[in-house]
Amino acid sequence: MELTVYLAGQIHDDWRNEVKQKAKEKDLPLTFVGPQENHDRSDDIGEDILGKQPGNFYKDDAASSINNFRTQVLMQKSDVVIALFGEKYKQWNTAMDASAAIHLNKPTIIVRPDSLIHPLKELTNKADVTVETIDQAMEVLQYVYE
Amino acid sequence: MELTVYLAGQIHDDWRNEVKQKAKEKDLPLTFVGPQENHDRSDDIGEDILGKQPGNFYKDDAASSINNFRTQVLMQKSDVVIALFGEKYKQWNTAMDASAAIHLNKPTIIVRPDSLIHPLKELTNKADVTVETIDQAMEVLQYVYE
Amino acid sequence: MELTVYLAGQIHDDWRNEVKQKAKEKDLPLTFVGPQENHDRSDDIGEDILGKQPGNFYKDDAASSINNFRTQVLMQKSDVVIALFGEKYKQWNTAMDASAAIHLNKPTIIVRPDSLIHPLKELTNKADVTVETIDQAMEVLQYVYE
Amino acid sequence: MELTVYLAGQIHDDWRNEVKQKAKEKDLPLTFVGPQENHDRSDDIGEDILGKQPGNFYKDDAASSINNFRTQVLMQKSDVVIALFGEKYKQWNTAMDASAAIHLNKPTIIVRPDSLIHPLKELTNKADVTVETIDQAMEVLQYVYE
Amino acid sequence: MELTVYLAGQIHDDWRNEVKQKAKEKDLPLTFVGPQENHDRSDDIGEDILGKQPGNFYKDDAASSINNFRTQVLMQKSDVVIALFGEKYKQWNTAMDASAAIHLNKPTIIVRPDSLIHPLKELTNKADVTVETIDQAMEVLQYVYE
Amino acid sequence: MELTVYLAGQIHDDWRNEVKQKAKEKDLPLTFVGPQENHDRSDDIGEDILGKQPGNFYKDDAASSINNFRTQVLMQKSDVVIALFGEKYKQWNTAMDASAAIHLNKPTIIVRPDSLIHPLKELTNKADVTVETIDQAMEVLQYVYE
Amino acid sequence: MELTVYLAGQIHDDWRNEVKQKAKEKDLPLTFVGPQENHDRSDDIGEDILGKQPGNFYKDDAASSINNFRTQVLMQKSDVVIALFGEKYKQWNTAMDASAAIHLNKPTIIVRPDSLIHPLKELTNKADVTVETIDQAMEVLQYVYE
Amino acid sequence: MELTVYLAGQIHDDWRNEVKQKAKEKDLPLTFVGPQENHDRSDDIGEDILGKQPGNFYKDDAASSINNFRTQVLMQKSDVVIALFGEKYKQWNTAMDASAAIHLNKPTIIVRPDSLIHPLKELTNKADVTVETIDQAMEVLQYVYE
């Protein structure tokens, strides 16, 4: 049984490659999708496609409409969502994506360090599973196939 | 036509009273509901009801289950959701509540200062209306009655 | 049994007053809601609340976000939707509202003149009832109470 | 990841071939579906199958029931909807299809020229992404695969 | 707790008055709604409102669009549906209404005589409760208040 | 694009084979599913699996639970539903299946002879397309592929 | 804000009166509904209404169809569900009702003693809040009004 | 037509192998999924992945969150659910899974011995089909392919 996994969260380091590498090591039949990982491209996509916008709000709104479109297409194709929170990049859109996933009945795993227990308590309580490391998230996925 | 409005967002100052005062001044038939505004009570409600928990994660998880229950009851009773973001308290659970509201088809207004345009761009793009001040949010509600 | 009726369609003449007058004459327990009928106010509401925008697209997008918010609040409160099309004002947003109403399972009546049979054929086929005059629409509502 | 794209909009020129050609050039794994593009066949399909009808309304209603059936089958099979509006053919059924797509949670791109900003403002505000050219729409789809 | 009950089924005798009378005797806080009970009015409502139609199919289609509108409005307002089948009037639209009610998650009671067990077996199996007499249906409603 | 078609309706003659034969002639990529066509097996399936039941009601209820299970499995797998009504076998469960299909948003074609216009008027008004012959139904399906 | 609370669980002692008494003491604006509390009546309701059945399975099936009807009517009217599990009466239908409530998006509180932690672990994990005593459940409801 | 079947129920004997063996004998194109069948692994999975928990409640809650995640992933992929109840292992989570399946519109078969008729009467009344043996359940699945 093949599963598609949406990887929500920050795009500033290569944690998604770590996930993919571990899935490969475990030989799990998973396909991974996620947001645009090139940060500049993600911020500029509105102006890249629609042309120069008249200010920061408009530039950001244009970019986010296309990023949200991408997320919607890919999340609807996914069977599982993993949302990673880190100490450095405290993005609201990861919380938005995790909440959206839960309300779309996508089984959802949150990965967050020990230090973020308190600020993420309502979201982790709503998610299906909360773990602290990528390794643990992969063990949860592996468990589905046992 | 009476409307019930859920006021999502931080509970560290009295912005909800400001909202209620302005609704009164405008003579709008609105009922406001929202999270527990006593911060200590909100953090302690799990242990207040269930007794001492064996650590911070467990204390927070117990509290958030009861806070999420409260939010679910009151948001389901609401016709409109206003979610306020401020520079000081960058709470993920406000993003979670706003995303939940949008996915429950609750008409949603986001209030956020100019300085938060970039980090909130995906969420404000998904919301129905985004404004910068409480006054503007109240004008939007008033407009429904014009 | 009281019913709330959303009146979708152009705001350039006073057809909504005609509807309300006829409901009064027939003594039907109906409450009517609908879009902002002051055309300038409807076009300017974005800038009225959010301030000057940097161009027509941005002005229109700001206004429509608030008009859509209003429509969403009021249509969700409605039991029935009447959408009126006329020869003069061929608005796409009336078609959008009628299609939205049908997909929200709101019983929907379309009013359109004989001359618009062809261009509205797909929409009238999807609606529950299609009539040519306001009088006929009111007779349909009256029939619910017989 | 293969995606199926429903192409809503007028059927008077060959814009759908332009879309398909560009997808091929970009080597995107897209399948395109859409309405009957033979205009006479689309108008006559009711009488072609059901026989002569007693007037224009009945001819149109018979045709539109079969066209709506086709649209429903194909849109439910689609992952994305592109709705094109042009200056020449201001069809209400394109607005109806775009609104239907949005309410069916299909990620939706609207293509409309600069000149239609005002009359389409409510619909473009509700859509996920709005662009001005087919090229831009294809760039949005390409972005999903980056 | 007041409940609204939709009474689906034939309109050729006064079984609905019997239901109402028994609810009154039992002092149950029920409001009853249902289809147009004047048979000629029900058959003619299309032409009564829309004018002479060009044949039986068109007359019937016009009437049924308005009858279906009425049913949709009233069934959505109902908490419970009772569908009565009799030996004499074997109407398909009663089966249609009962099936609709079940799929709209309306708690549904079917009343049918012993002689119709076999032809109604799939529908009674899907309904929540099946009884043979109006008295029994009223006892089921009374039981909700015990 | 392959489509699965559920063929609802009576099982007393071989109309389903006629459908399948015509699909083959037209070279349409359709898969057909439907109810148990062996009439005795359909009536006896409850007792065949669960053993002798204590009377006709119980025998029929046991059979219909298994027939309804079968219908639910196969209809959920289908993209389109065709429901055939004939003069001879006026089955309520065909009306039930057609109404279920419509409420499950399955594009639905009703086939019924001219003589049944009046008794089926509410159901045909609700269905997407109504035709009089199997040939016409197949032309509708063929039209989806044009 | 008045709330209706469905009290799921065993009917062998008067725990529901304890709940109602405590709500009164706390002056909470709650209305309570629940299953038939007369155990014999609940078991016999099928035969009471439908007459003697040909065996235990048929008697039980008749009774449960009417009990399930009652539960469906009242749970749909409820804003909150409390499901109580005790050591003595380990009813599967309480688990069924709690699971149904969760899937109907009813905010759900489970009350179960310490000794049942293990056998109820999957269900309590899915519920919004789990407590050990009726007092604690009432404190959770009281918290909604703070 | 291939179907995926979720096998809910106790994990203390090898009834799932019996099911799979019989499907093989009957040559049915079925894929089976289900819970973790290694009982210790199922109970320990929370601590296996998340580490030592501070007590039984926390150990069980951690395990059940991961078991519920697994169930949600696999049940959403399934076309049919079979839930087996036995005299020895009277698990509430089987009732929870069956109730969840019914509310997710998964066609559901309950297998339970004669001795459990009374305690399971509400659940079996809600399920699509109830049988007493695995052989009978397999006959029901086989019937779908006849």
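Chains: A, B, C, D, E, F, G and H, in written order; residue numbering restarts at 1 for each.
Here is the rule we use: contacts are C-beta pairs under 8 Å (C-beta built on N, C-alpha and C of every residue); 3 or more make two chains touch, one makes a residue touch a chain.
If you want to know which protein each chain is, UniProt gives these names: A, B, C, D, E, F, G, H = YtoQ family protein.
Just so it is clear, the structure is predicted and the values come from calculations on it, not from any experiment.
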- Message: Quick check on chain E (YtoQ family protein) against chain G (YtoQ family protein): do more than half of the interface residue numbers occur in both copies, making it same, or fewer, making it different?
- Response: different
- Query: Taking mean CA positions as centres, which chain lies farthest from chain F (YtoQ family protein)?
  - Reply: B
- Using the touch rule from the top, work out which pair, B-C or B-H, shares more C-beta pairs. B-C
- Query: In whole angstrom, how far does the Cα centroid of chain A (YtoQ family protein) sit from the Cα centroid of chain H (YtoQ family protein)?
  - Reply: 31
- Item | Whole-Å gap between the CA centroids of chain C (YtoQ family protein) and chain H (YtoQ family protein) | 49
- Message: As a quick test, compute the distance in whole Å between the mean CA positions of chain E (YtoQ family protein) and chain H (YtoQ family protein).
- Response: 38
- Note on the structure: Each of the following residues of chain A (YtoQ family protein) touches two or more other chains, namely 65, 68
- Query: Among the chains present, which pairs are found to touch?
  - Reply: A-B, A-C, A-D, A-H, B-C, B-G, B-H, C-D, C-E, D-E, D-F, E-F, E-G, F-G, F-H, G-H
- Within the complex, chain H (YtoQ family protein) is touched by chain F (YtoQ family protein) residues 4, 31, 33, 36, 38, 41, 45, 48-50, 65-66, 68-70, 72-74, 76-77
- chain B (YtoQ family protein) to chain H (YtoQ family protein) touching residues, read off their complex: 54-55, 58
- Note on the structure: In the complex, chain D (YtoQ family protein) touches chain C (YtoQ family protein) at residues 56-57, 60-61, 63-65, 67-68, 71, 85, 90-93, 95-100, 102-104, 117-126
- Touching chain F (YtoQ family protein) in the complex, chain H (YtoQ family protein) uses residues 1, 3, 79-80, 105, 107, 109, 128-132, 136, 139-140, 143-144, 146
